[in-house]
Amino acid sequence: MNPLLELLVSLLIVLGSIFVLVGSVGLIKLPDLMSRLHAPTKATTLGLGGVLLASMLYFLGTSGELSIHELLITLFLFITAPVTAHFIAKAHMHKQQQLRKQLPPTGSGKGWSTYDQPDQEADDGSNN
Amino acid sequence: MIHYALLFGFCAVCVSLLVNLWRVVLGPTLMDRVLAVDTMVINAIALIILVGIYQSTTIYFESALLFAMFGFISTVAFCRFVLRGDVIE
Amino acid sequence: MLTMELLVATTIGTLTTAAIYLLQRARTFPVILGLALLSYATNVFLFAMGRLTINAPPLISADASRYTDPLPQALVLTAIVISFGMTAVIVVMALRAWLESGNDHVDLESQPNIDEGDGE
Amino acid sequence: MSHWIILPILLPAITAPLLALAVRHDIVLARTFSLASSLLMLMLALFLLSQASDGTILKYHLGNWPAPFGIVLALDRLSAMMLLLNALLGLLVLLYAMGGWDKRGLHFHPMFQFLLMGINGAFLTGDLFNLFVFFEVLLIASYGLMVHGGGALRLRSGVQYVVINLIGSSIFLIAVGLIYSVTGTLNMADLALKVAAVQPGDQALLHTGALLLLLVFCIKAALVPVQFWLPATYANAPAPIAALFAIMTKVGAYAIIRVYTLIFGASAGAESWIAGSWLVPAALVTLALGAMGVLAARSLGQLVSFAVIMSMGTLLTAVGLFTPQSMSAALYYLLHSTLAAGAMFLVVDLVVQRRAQHGDLLQPAPSFAQISLIGGCFFVAAIAMTGMPPLSGFIAKLQILNSVRHADAAVWIWALLLTGSLLSILGFARAGSLLFWKSTAVNGELKPGRRSGTLPLVALGLVFGSLLLLTIFAGPVNHYLEQTAAQLFAPQGYIDAVLATEGVR
Amino acid sequence: MSAAKDNRTLAQRWLPHPLMTLAMVVLWMFLQNSFTIDGLIMGLLLGVLIPIITSGFWPDRPAIRSHRKALSFLMLVAWDVVVSNIVVARLILFRRASTLRTRWVSVPLELESPEAIALLSSTITMTPGTVSADISADGRNLLVHCLDAPDAEDAVLQMKRRYEARIKEIFQ
Amino acid sequence: MNLALIVILPFLGAVLPSLMIRVGRNASAIATASITLLTLALLLTHVPAVLRGEIPAISWQWLPALGLNVSFYLDGLGLLFAGLILGIGLLITIYARFYLAKKDPMGTFYSYLLLFQGAMVGIVLSDNILLLLIFWELTSLSSFLLIGYWRHLPEGRQGARMALVVTGGGGLALIAGMLLLGQAAGSYELQQILQQRELIQSSPLYLPALLLILIGCFTKSAQFPFHFWLPHAMAAPTPVSAYLHSATMVKAGVFLMARLWPVMSGTDAWFYLLVTTGLVTMVIGSFIALFKDDLKGLLAFSTVSHLGLMTLLLGLSTPMAAVAAVFHILNHATFKASLFMNAGIIDHETGTRDIKRLGGLLMLMPISATLAMVTAASMAGLAPFNGFLSKELMLEAAFHAEWAGNPWLIALLATFAALLSVAYSFRYIVHVFFGRRRDLDSHPHDPPAGMWLPPALLALLVVLIGLFPETMAGQLVRVAAGAVTGGQLPEFHLALWHGLTPALGLSLLATIGGLLLLANYARVRHWWQAGPHPEAKILFDGGQQLLITGCQRLVMGIHNGSLQRYIAALLAAALVLGVAAFFSSNYSSGQRPLLPAGPAMVVPWLLLIGCTLAAVVFHRQRFVSLMIIGVNGLIVSLGFVYLSAPDLALTQISVEVVTVILMLLALYFLPKQTPRAASILPRMRGVVLALGGGIGVGALSWAVMTRDFSTLSGYYLEQAKPGGGGNNVVNVILVDFRGFDTFGEIIVLGIAALAIVALLDGALRGRIHKSLENWQADEPTSADRHPLIMVVATRLMLPMALMVGAYIFLRGHNMPGGGFIAGLVVSIALIMQYMASGFGWAARQVKVDYHAMIGIGVLIAAATGIASMVLDHPFLTSKTEYVALPLIGKVGLASAMAFDTGVFLTVVGAVMLALAALSRMGHRLAHLPVNRRPMDINPRASNATPRQEKR
């Protein structure tokens, strides 16, 4: 495959893996869970994105045809990563009840959903 | 050239995997462990992709895909367990 | 030197060790975890019976020169599925046992001695 | 080409899903289907027996692949006999269960049919790994049935049963893996050839695999030191299931007979007859333990369970000698003890149902309904279990004693067998006189027990009937069994039949 | 399969979400990794089938007003993601943890459709130094955790302007 | 033919009384009597022939391989016994009719009686010793039933059990003995055995055989030291005692000794065993009898002593002694049966059998008294009654015999025993019928004729035989004795008066001595009571209890219900077996070139090891360890990827996730922590076993992986494409080569799901549910059940996931994937949806009957197989059709695809069914309603709510 592409691939690989590494480093370096949460959700996803892109280009180079699989994975990750982060955050808040005081007010009548019942239950169906 | 890049990649990913393990074992809180495991999955995917490039084969793609999907599911399941106890309600 | 065979063998060894240790715990849940580990161990073991090969998946294609032994893989697949079913059942069984007896100890207390009247 | 051989597996495999699919809400329909299928199975088994009785070995290349590569079913005299036994016991137990047991939980009938299917498969298959699969099928069905109806004690002993068997399955896999790793094949007939030709350097692995496999079968057959699961399981299982379990221990015995005559039999070179030297001592200890257990038991169920252990000890002692005479004697005893144990467990259930809160505990309790009738049933069943005349047990005992005469351990076997039966006679006599005689002297009130119709009694009667037939026609049966043993000890026929590739793609 | 409501037109019944169908076909092509006729046929088949199966889970169809805006928004986010990563990387590597000014902020929402809110929160999570942690019980506020925000107000404003406004345009 | 009938008839008839009892007690009795009578008649038809010396015989084959035949023959001995059995049986039947009380279930009694009769006749007629064994044990069983007839009496139950254990045990010994005998003689046919004297006696098996057989005989015939069961058998109704325990069953042992006399007798072993036992039994029996206050007890011990007498006679091994034995069998049967019935009458009339409370009954019940006196005199051996004759013969024989060169010992002891028997016989008469009348609450008088006639008849026989022995019994005794000795007989003449023989002297001595003894009874008794009386029953029960408790200690000690121990035993067994096997046969290390391991695998390996250890360390925090084990699965599948097993990797990871979710669902209800194990010892045991097992398995795998081997996989690789129509060999193996395994596998899954449903459904109904009503989650739960973000995300992902599933399914045959994995992917996609918006809601959106799905799946899989059967190929024969579709071109449709569909459906059905059941249960227990909306928070709904403006 042509050297330019090869260079690109290598670059992407290196960059990607650096980001992956950074994400994990953040996991140990940062002080508390909420800030740790930032590291993997961002860095790792992007790092992985880089690696995926690399492999895409690589196979484009070797087999000539564009392999779009990797895009799919990236797509998956970009959809899921925020959800994961969201959930972990919620679970964390739930576990650390004392956080409740530090949180800013919602501004509306209801509190944060992790702690406060939304008023949906009222009109719900019977037990089955 | 790619070979060296890959080598670097392997090392980086492996180190981060070990780091994750470190988190899993140390914690301190439960959610830290969950987070670490989630990251571990993502890093594992990276590893698979690298291996794929290394062996220049695409058959590992599905594995990576499923890893991505199932990593998500299991993390969510863990969180739901912590949040609600009942995973499916 | 570090070889794949060594890694796999030690892996199997470790998994088995952990599995057996957990199997002998007093509560159902650790025992079930032990069973899960044991099934990993046996699956990997069974897989290893076809010897190890790298980058030679049993997918027939023109440019592939060699293939790994597909049979053990098929066997392991079956084994995985079966052990999955088994695990599911034992989990639920343990759950039901817990719900019924409020006790998840694996041991049964042996029945008390019965006063046997006139030697009967 | 004839598809008869696959049918014993296919029939329940189709009935069961239908039961789960269509008629799971309608107990009557479910019963009808289940019963019909079991009846068909019985006829099928009879037909197959007639096919196999002339010594021909029918085989069935699944997927039409030649022998060592595809899975092969093979039907010889032994398999045919076991099929018949299974079909018969299955039918009768089913009849009994229709007395109300099948309504105490969901999905009794599908799981029951699946259980029969698994057992049939184990009897028919000629492939080691396929044997594993069918073991799992029958095991998981038995798990489901074992805890049918619930109850704390039943559930907890069920958990024990499952755990032990799961460990057993893992060992099974390891053993199969080892055998494959040196022979490179799974087909039993092919193994019989390959085992003889294995490199000397690999023998250790092969031997290990072979003996681990033996251990697995011994778990199923409840041999010391892996008999522990049996008493709790059988004593706490639903009676009809316990009755059917009587044949599950025999599956283990069957596997031992099959594998260690065919694969590790005369032709296995360095690995010939490796089972016997381990089997006989273990079996003798089992026999002794079982007999003592019968005496020590504190509940009727426990007592019968130990009687089963004892019978397995007896059976495998005779098997373990691996001589044609002892084998045919063992097979006769196998037939007898299966039916006898089945009958005994049914009787236990009849007692439990009537004794209400006292269950089957061996303690004085007020007299209960139909005490004389049930007592009579108990007496007959006990005669069968303890091997007293006039039922087949006595003949079986005579045959075994007669056939082991020339073994090295003959004196031991005789002594243990006879003392064992004395102990069991004592145990059963005590239990019987307590439950059915002493109860008449105890006054007090019983909670209303479960009422069951006459169907259970009919089923029990039929079991007794088959025992009687087995006794009366001991001559012809034994003739068949001698041929069976002969066939087992000349495995070449089996091997040639299975490996023959005519008519395969 | 799905709970059939009779007030649906034929088109709605057989093509509940045309957009999704399209997406499915494209996705199928992705997976196939190569273009063949029968692949396309199969893709179309699934593309029709799957939406029908899953339509039960899409009680209300999200209405995307302008696809152009959506596209540009995606571009923006993609760029921000890259940037944010570099930013975060720097924070992680070169800032001592103690000097980080982490804080919680509460973002009031004008968006109303769940899809929009979800999109916003995902965007926030993927972009510089912010993770959307929770939503208020009445769904009117978003709880965001900032890794390093000197000024809360500013951060909130940032988010509202840069993303919420655009998303609003897309959906309403 | 009718010879067999003689045996079979009682068995067949045994049901009759139980049926007739519905008609009435008389009917039942008559039925029994008529059956007995008929049988007796059949027997009598043979009498002339037998007396002529012919031996009618009959034989069918039963189990030729074993030498077990149904063969009977009737010779003198058989005739004598059969006659006694049936004749006395008839009398007993009549007697019992009047003896049994209203409340006693008469039908069963007669049934048992007939069973016994049949068994007994079987013993004496059978020509095959194995057949004889069967009847032998049958007598034990039927006597067990008869002794325990009054089931409410503890004495009855215990006596019955004792009798069963002793005689049954003896029977077991007899089995062994007979088998040895048969081996020695080379046949189990009695008549042939009886020809083999030299062969048998020269065989090394002779002594063991003799010993075992004699154990059988002695137990049955209550010889010392096995005599103790007989007195306790007296708990039975008197007719039974009279019948079984005096006249017939207890004679079975004697009969067998007589039967085998021709081949077994004549050796020293035989002589000393029998003579000694006989003498001791005689003396002890008669001695104890003297001091028994219970009438039946007295008679029982006297029976013991008389049996001893017969044993002695047979032991002497001289033809004349044999004659005496035979004659005494006859006599004893007559007078003892009569005496028992008499005792029964007394009991029946006075309500007691205690001699001390009886006396002076002569006037009150003259008939009974007369009968008693006649028969008792005969028992004492007084002229002119038959007892005298046989006693004379006995003393004669004893006088000539010598024991270990000691000429007078036998005679002395025999006389002493005779003396004692005189004493107790007279005690029976004097203390019961004469002397002062004790005050009894009842007013005894002679019973109805039906009750005293049977004994009367016997008493008549006693007298007649006594007066005219030759005419009455001579012929019978000759043939019988001839049968015993096997032909040659000395000239003898049965008569009261043989002149002044030493025997006469001895018997005079005995009579006088006996009377003197009785005269000083009080003093003797006083002396007796001073001495110790070892009570056999206490010893027996003690021994039995000891045995039982011993067994309980041992067995229940082992089976203490501890699964941990069971598992340990199993693992230890595996370990021992494995090690023994490995090191007992030769092994050489392999030469396979090994693969170098790059960092890409070393680190995952480290991870795996680390996680495994962590899982063990954290195993008490269940959630954590579960999570970590999840990671293990992940890494294992990573390894599969690397080691070129993509299918395995996919399966492993999918199964992994489902399993974890399942366990989480269960863990919701289970405790979240495991308490620390109490004792250190089991933990140590665990560690040791764990290390052993781990090292063992690891080493084995190492040994395997380092050596080459040849496998049949080459075939699969060749055939996969042409034969199986697929490139993914693993998948082709799964659905084609070894499709049958997969068939079984999906069935396992199906069953698992069914079992789970059954289990959980059971938990939601009945007793348990009540206890679960007030169940509480043990951890606090957060507020919103169905977070908005998740719901939206899954809406987006579900179609994608389904698409991926479809993709993986379709390509499975050629690339990694297939029905199973696709099934798991799809079910996980669904699970995701369910996690997001709850099972209840989701299930309402997509209504699928997962039961049906499983069923259909299995059926489809089966159907594909059957389809091939229709095409006359074996089950599951695959077929790849290439059909041309418009504008698509050729498309390969492998039947394997259909099979895979079955797999797919089953998997989805099973997984979803199981999870559905679990989550349903969660609902029920947590008392949570099913949500109407997919998500709890609805921004639109809360639109209106006023909000204060920020800034």
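Worth pointing out:
Order of writing sets the labels: A, B, C, D, E and F. Residues in every chain begin at 1.
Here is the rule we use: a contact is a pair of C-beta atoms (placed from the backbone, for glycine too) under 8 Å apart; a residue touches a chain by one contact, two chains touch by 3 or more.
Keep in mind that this is a model prediction, so the values were computed, not measured.
Hopping across touching chains, the smallest step count from subunit E to subunit F is 1.
Connectivity without subunit E: the remaining chains stay one piece (groups of touching chains, all others kept in their positions). Taking the mean of C-alpha positions as each chain's centre, the chain lying farthest from the centre of subunit A is F. In this view the innermost chain, defined by its CA centroid being closest to the centroid of all protein CA atoms, is D.
Note: the chain lying farthest from subunit C is E, by mean C-alpha position. Between subunit D and subunit F the centroid-to-centroid distance comes to 15 Å (mean Cα coordinates, whole Å). Centre to centre, using the average C-alpha position, subunit C and subunit E are separated by 41 Å.
One inter-chain figure worth recording: subunit C and subunit D are separated by 26 Å, centre to centre, where each centre is the mean of the chain's CA atoms. Centroids of subunit C and subunit F (each the mean of its C-alpha atoms) stand 36 Å apart.
Within subunit C, residues 23, 28, 31, 41, 43, 45, 48-49, 54-55, 57, 59, 71, 75, 78, 82, 85-86, 89, 93-94, 96, 100, 106, 108, 113, 118-120 each touch two or more of the remaining chains. Counting only residues that touch two or more partner chains, subunit A has 25, 37, 45, 67, 69, 72, 76, 79-80, 82-83, 86-87, 90-91, 94, 107-110, 113-114, 116-119.
Across the assembly, subunit F contributes 154, 157, 161, 544, 552, 556, 559, 561, 563, 567, 571, 602, 642, 646, 667, 697, 700, 704, 709, 711-713, 716, 737-738, 741, 745, 748, 751-752, 755, 759, 762-763, 768, 782-784, 787, 789-790, 793, 797, 800, 804, 815-816, 840, 918, 923, 928, 937-938, 942, 945, 947, 950 as residues in contact with two or more other chains. Every pair of chains meeting the touch criterion is listed here: A-B, A-E, A-F, B-C, B-F, C-D, C-F, D-F, E-F.
Listed in rising order, the residues of subunit B touching subunit C in the complex are 55, 57, 59. Subunit F meets subunit A in the complex at residues 780, 782-784, 787, 789-790, 793, 796-797, 800, 840, 923-924, 927-933, 936-938, 941-942, 945, 947-948, 950. Within the complex, the subunit C residues that touch subunit D are 23, 28, 31, 35, 38-39, 41-43, 45-46, 48-49, 71-72, 75, 78-79, 82-83, 85-86, 89-90, 93-94, 96-97, 100-101, 103, 106, 108, 111-120. For subunit B in complex with subunit A, the touching residues are 1-2, 4-6, 8-9, 11-13, 15-17, 19-20, 22-23, 29-32, 34-36, 38-39, 42-43, 45-46, 49-50, 52-53, 56, 58, 61, 64-65, 68-69, 71-72, 75-76, 78-80, 82-83. Subunit F makes touch with subunit C in their complex at residues 154, 157-158, 161, 541, 544-545, 552, 556, 559-564, 567-568, 571, 592, 594-597, 601-602, 605, 608-609, 612-613, 615-616, 619-620, 622, 625-626, 629, 632-633, 636, 639-640, 642-648, 651-652, 655, 658-659, 662-663, 666-667, 669-671, 674-675, 677, 682, 685-687, 689-691, 693-702, 704-706, 708-709, 711-713, 716-717, 720-721, 727-730, 733-734, 737-738, 741-742, 745-746, 748-749, 751-753, 755-756, 759-760, 762-763, 768, 772, 814-816, 820, 910, 914, 917-918.
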